[in-house]
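Presented sequentially are two complexes of subunit A, the first with subunit B as partner and the second with subunit C.
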Partner chain A sequence: MLRSLVPHRRHRLMTAIVPIIALSSLLHSEAVAQDATPSKAEHGSLIRYALWSNPKGTFHPTLYFTDYDRAVIFSVYGRLYTLDEKQNPVPSLALSHEYSADERTLTLHLRKDVKWHDGQPFAAEDVAFTYGTQAHPDFPKDRPAFVKYLVGFEEYSAGESQVLDGIKVIDASTVSFTFKAPYAAAFAHFADRPVLARHIWEKVPIKNWVEAADTLRKPVGTGPYKFVEFVPDQYIKLIRNDDYFGGHPKTETIIFKISNTQTAQSELINGELDIAQISSWNDRDLQTFRDAGIRIVEEAGTSGQYLPFDTRDPKLSDRRVRQAIIHAINRQALVDRLLFGHGRTFNSNAHPDSPYYPSDLNIYPYNPAKAKALLADAGWSDSNGDGVLDKNGQKFTFTLHYPIGNRTRELSAPIIQQNLKAVGIEVALVSADFNTTLAILQDPKRRYDGVLMGGTFRPGQYDNNFWWERFNSEELTRYSEAFNSTVDPNKLKENVAGWLRGINDEAIRAWLYIPNEGYVLGPRVTNYRSHPYEPFGDIANWTVSK
Partner chain B sequence: MVGFSILLVLVALALAAPWIAPFAPDEVDLFAIEAPPGDGHLLGTDEIGRDVFSRLIYGGRVSVLVGVSAALVQILIGTTLGAIAGYRGGLSDALVMRLTEVIMCFPFYAIAITLAAIFGASVWNVILIIGALHWTGLARLVRAELLSLRERGFVLAARAMGVSPIKIIFNHLLRNAYGPILVYATLAVANSILAEAALSFLGLGVRQPQPSWGNMLSAAQSMRVLTYQWWLWIPPGAAIVLMVLAINFVGESLSRALSPRPGAPIRDLGPDANVNSQTRKERLWPTRFS
Partner chain C sequence: MLLYFIRRALTAVPVLVGISLAVFLLVHLQPGDPFVGMISPDTTPEEKAEMLRRIGYLDPVWVQYLRWLGRAARGDLGYSIQHGTAVQVLIGERLHNTVLLAGSALALSLAVSLPLGLYTGLRRTGVADMMLSNLSFVLVSIPAFFLAMVLIKLFATEWRLLPTSGVVTVGMNYTGLAHIGDVARHIVLPASVLAITNIAILNRYLRSSVSDLIDHDFVRALFAKGLSRRAVIVPHLLRNSAKPLITVVSLEIPGLLSAALLTETIFNWPGIGRLSFEAVQGRDYPLLMGIVLFLAVVTLAINLLADLLYAVVDPRVRLVR
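After this line comes the complex of A and B, so read on.
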């Protein structure tokens, strides 16, 4: 009940801000389920997929905000590139690309035979429109890094220029992007933001896009499924696009059923649902599924939980204090006890499976004695014997803010409180709804001690942006400038690794845990494939038995 | 008497929580997660290894605090408005009674959930919300009492002597109406405890990690807990039932004890002391208020 009232809004809002790298390769993390029985020629005609919360109905590739909208958007709209299981770009609406000699201009050659769901032809103009409008002065959302790197972005977004020089339509099936410096993350942006239908959206003034409910709720795309209807709080119905450029989708109808974590278990067992995400790794819950013949597939997680520090705070501006706090938190116990071992710890602003993630990071093992020693070095001692550290007559108190809605995260707060108490830090817990808590981090004027937050790793997208932590370092900026001015993988690797080491050493946040993702598949499901960054990438090939 | 004893025990447990509870309510033991009762934990542990018995006792403090404070808020608002309406009559009466009726028309949980969502979930907000929505019954009760009392001779006499209205209300009117107010307040404590439990169950009352019976009960939202981990939800559920039952018993006994029996003297009636039995009968109040 509570969970359905509080949607997990982890995707867009957080990730837009989260400086995270995970450039490629999540090895061994692909989820595949195929029946041992010989493949049947006849498939069932309906797959029901559980969503934990009502989508907002913002079925728009560059405006969407929640995971639930994303599920619909990625099934209805086509993308220039998708990602394979190693996070390499795979051409989709685009056929091929080429770089200019200075690597600043990226030219894409597009498919010529693609039609929108309403029968209109897909063309380069649609691509230019989709990414150009993200830089438009009236664009109603935060501008992504992608457009900020485009040539002419400043003039165009300020309204001083009518054209965005960085995007050029060369002919109906060729479009080019020119960046201020080589920009390797462009493909990740294409894989994250599908292409809009220009002939539909140019009729709505850009500043009114968010309010255009009629258009938002009737998405017209180029993807494997056509949108049929959205009945709020009940379901979203999609039907096969027979003209899909990627081949004939195997299953006729997809229903995204709005369910909740409490009832999904019995719905799956009773055959009222086919696919759902796992919400609890508790052995008893998993056993209930196994007993009912329901398969469980597990993948590496794509979102991390962490505790950013306000590095301007007089207590926390000392790096030793921040490092001490990480040493004091038993992060492995969070993974073992709250996630029942289905997750992992990490130690910098990237997924540990990223090829750029250095293997020699300080792993800050759980060590209260070391934490106390670091705090003593920083001048904190328990001079009056009350069990709480003090310095110059000030007690070491720490207010930990955390959002409600994510049960594991909520439960981690009292554990962290107890861990820090053991080294002499008195922690006060303050919980609030998600957006109130996020606002603490978002408001640069606001002071805080620590906030529990999470974010999704975006393959290939990185940003030297530490304003949650109010942190600035010339050394880190030098690295980031170096990796944002090349598409050479070796240079990229060297600089990204240096940057990640610097962040790890500065301990600007406590990196807590990355929960694994998992899906449960009902007995009817005969073919299901997904991988961590593409949960719906293979939806056209999902099948169920009759 | 049974009710009173149970109540006494529960309140004593809550008040003496720091001395009785074997563990601190937020003491986490990650190596004893969801442990069944026994083995050092009288009522087992919850999903992060906190001792259920200790949390239950500390949760009682929250329930008592919310119950009593919310009842006080109700008495404050209800008595004040009821007294104004009953004593002044006329336009004041009409205004207060219309307001009362408007608030009575609100479905309690729908409004309480909305208010809790707007103002945020915390102990004090729960107290204010329950207090602000539950005073209407008391206001009507006080008004009805005062309407009949104010026509009595001793009030007329006091008025004729120039005693100020405030003094008349406090010294002559409310003092004669304290019985029903007391009974109502007792039952209001029980109602407030129930309302707190319901709001906390929905996540809109007292928030974790602070324990309250309602938010402990919310563990039962999970099918797994409901089926396999009875020690997480039966104890807080039983505590709520016991507490509310006990208070209701006490309220009922109070109501019976305070009802004027034929022949019993009525206090402070001044020159009008020789009331006939007819008047006494009018002063009987129903033994139940809801």
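After this line comes the complex of A and C, so read on.
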């Protein structure tokens, strides 16, 4: 459910099944609507939205890998389904769906009135092309779980078959997907990967897609905004799509301006920007905004920070030791001190707002005494009185790796070091750039103690994948096979909850904190709405005063 | 002269190959790879290896280097891994911005430091000289990023006089004179940050060079002949102090290009500096190699140019060797 979190990129890592049940979230998205009657699209209206880094220009729904490209893609391309505030799928380019009797085949009925920005009609062929090419032998990226569940994936991706049996175009507005077993997470994939224009991309050989800069940089979609221009390292300009199937977009021009967290504050105050993400919850920074008449919108966070353990390590292979480390870390203090209270803790590989997140998880409260007791049970004691635990003459040392680039995460490392020292664990800190640090986790032969990492939750998908922790469990695999072969909400809930409880009990990582997300809105912004996972879901209704 | 030029250019080739090999090996010896940030990090090692094989990344390092070198020799720097765009295109898109910024900074620093250096050189030990010398030391010691933050705080946040980010005001679509004015407003802060440390350095050089010359016998002789101050300073003093100045400036230009990395990042200036920062972070080695090679060529070319300028200001320098 988490995409690993880097300041400039986000990747997918963990997920959370398509939610069907309403949930009481700590924080809900907040609408800012001072202007009760949304103004008609004013000519010349303009919103400038800050991006923290230059998009790579990969404006392609199945190839992009940064959040900055994602911002453009999700404003330009349409999706089959979007997510509502409760993370339920909402039909968008699709109108409705139905399952076959065995629930393995999902048939989608599509809108018939949609046109691509270049005037070509949108059709089922586009949908089949978008998801089918992810399974193509030449597809130049890693393959998503979705296509691996499709019938005929192996034969097609190996080049043994010319057709992918799992995707069928029935007529111009009907397409079906057949999975090896009922697959509920399909909707999450549809909400995450917009539909490509086949008539444009079929002209480029798939193996050349990542180098097709001319096509990548001129996205043609079906979404609320049409792409106008990309001036690298400066801005991306979009203009209203008057034929948008979801209604007339209210603001004429959207500009994504490349900015950075150092200057965004003065740019907002100076009137050079209208909307930016909050990068610091420090009260002083917030007050500077408030003093300048800039509003702050706060919502539940969608990314979490955590500390995976190498469960093959002789010290850490004992579950009690891993649990003791979580008890020893004052996670609430991390939220209070580093996020100024604007965040929350979590206790398994899913967001606490996920509808299947069990309420009876072990919350591993901060308790150094309990931690010491667990360590003593596991045979660790301070036999020579030097303040460091030992066992069979071996000192309990722990090397904590962390990547630089995320300030909060960097600051958390010495706090964790102090916390663990208090229970007799000697922690050495090692920092490096993001790629170097992630390479530790990605190399299965490499031994480590712990690595600070982060990722963005992805609602609707759970991945039974613990190779970062070098961990395997038959029980967890059983749960995962069960929830990945049903679309029955009750069975989903039961098995996902069981899976999350199992992970929580095994304590294969220390789940640290989820920072809240926030946006600052300049005085011109009159209507802005977003909700977790869908920062641009309502972009067609955003308005500004002149 | 031409022969000298060609010989110099040819000796640059092994230097460039050496630089490219060093950068290539450094990038490849690091743990991790350029694709770490581009694929789902939970992709299993087997799946990732399969993907890397599909795109040809798993070839031995020397095969990859020779392939790169072969292409580079034909003027093809390859494709950026992260941008999916030809490296030449990426550099070309940003080059004019960096040249504009570095050029403005250089012009600004020369315009300020020349008269200052001359003045303080002629009036050593004066009060103004003492104050300026001390100020120079202060300015040289201030880190550029800190100076940038102070200027942003004062000129943008407090007084709201100048923009802090980018080259143009987005969404305004200025043209003609209005466009030039807009760019000029945007360039003031980043160029000032770049120029201020430079001013201090150039000022010191010129001051010591002028104050050195003024004690020379030929200068005394000129004054003894009854020439006016102006007649001594402009044709004689300035011309003689130009040589060390050319050396310093030619060394400063590559420095300006690399200092631009920080300034461009802070002020969102879309130039080569930011591009190389991203390339390093993303292990985008084709892009990084392209930028390093480009900067190496620029540095060598400027050194060559400096040699030619020596001959212009000092006829005693004969380049026919």
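One rule holds for everything that comes next: the second predicted complex is superposed on the first by the 506 of 546 C-alpha atoms of A that agree within 3 Å, B and C clash if a C-alpha of one lies under 4 Å from a C-alpha of the other, contacts with A are read in each partner's own complex, and residues count from 1 in each chain.
The definition used in the following text is that a residue touches a chain if its C-beta (ideal position, glycine included) is under 8 Å from a C-beta of that chain, and two chains touch if they have at least 3 such contacts.
Note that the structure is a prediction, hence the values are computed from the model and not measured.
**Q** Determine, under the contact definition given at the top, whether A:Y306 touches first (subunit B), second (subunit C), both, or neither.
**A** neither
**Q** Which chain makes contact with more of the residues of subunit A, subunit B or else subunit C?
**A** Of subunit B and subunit C, the partner in contact with more residues of subunit A is C.
**Q** Tell me the contact category for A:S266 with respect to subunit B and subunit C: first, second, both or neither.
**A** both
**Q** After the superposition on A, what does A:R337 contact: first (subunit B), second (subunit C), both or neither?
**A** In the superposed model, A:R337 contacts subunit B only, not subunit C.
**Q** Return first, second, both or neither, reflecting whether A:I404 touches subunit B, subunit C, both chains, or no partner chain.
**A** first
**Q** In the superposed arrangement, which partner chain does A:T253 touch: subunit B (first), subunit C (second), both, or neither?
**A** second
**Q** Tell me the contact category for A:Y462 with respect to subunit B and subunit C: first, second, both or neither.
**A** Neither partner.
**Q** Is A:S431 contacted by the first partner subunit B, the second partner subunit C, both or neither?
**A** First partner only, subunit B.
**Q** Quick check for you: in the superposed arrangement, does A:T58 touch first (subunit B), second (subunit C), both or neither?
**A** Second partner only, subunit C.
**Q** Take the contacts of subunit A with subunit B and those with subunit C, and give the residues found in both.
**A** Dual-contact residues (subunit A): 6, 262, 265-266, 433, 436.
**Q** If we count contacts the way the header does, which residues on subunit A are in touch with subunit C in the complex?
**A** Subunit A reaches subunit C through residues 3-4, 6, 8-9, 11-13, 46, 48, 53-54, 56-58, 65, 138, 140-144, 210-213, 216-217, 231-235, 237, 253, 255, 257-260, 262-263, 265-267, 269-270, 272, 433-436, 438-444, 455, 463, 465, 467-468.
**Q** Where on subunit A does subunit B make contact in their complex?
**A** It comes out as residues 1-2, 5-6, 262, 265-266, 280, 282, 284-285, 288, 330, 333, 336-338, 404, 410-411, 413-415, 417-418, 429, 431-433, 436.
**Q** Would you pull the subunit B residues touching subunit A in the complex into a rising list?
**A** 26-28, 30, 33, 47-50, 120, 202-203, 207-209, 218, 221-224, 228
**Q** Which subunit C residues qualify as touching subunit A in the complex?
**A** Within the complex, subunit C touches subunit A at residues 30-33, 36-45, 47-48, 51, 54-55, 79, 82-86, 89-90, 93-94, 149, 152-153, 156-157, 160, 163-171, 265-268, 270-271, 274-275, 278, 281-283.
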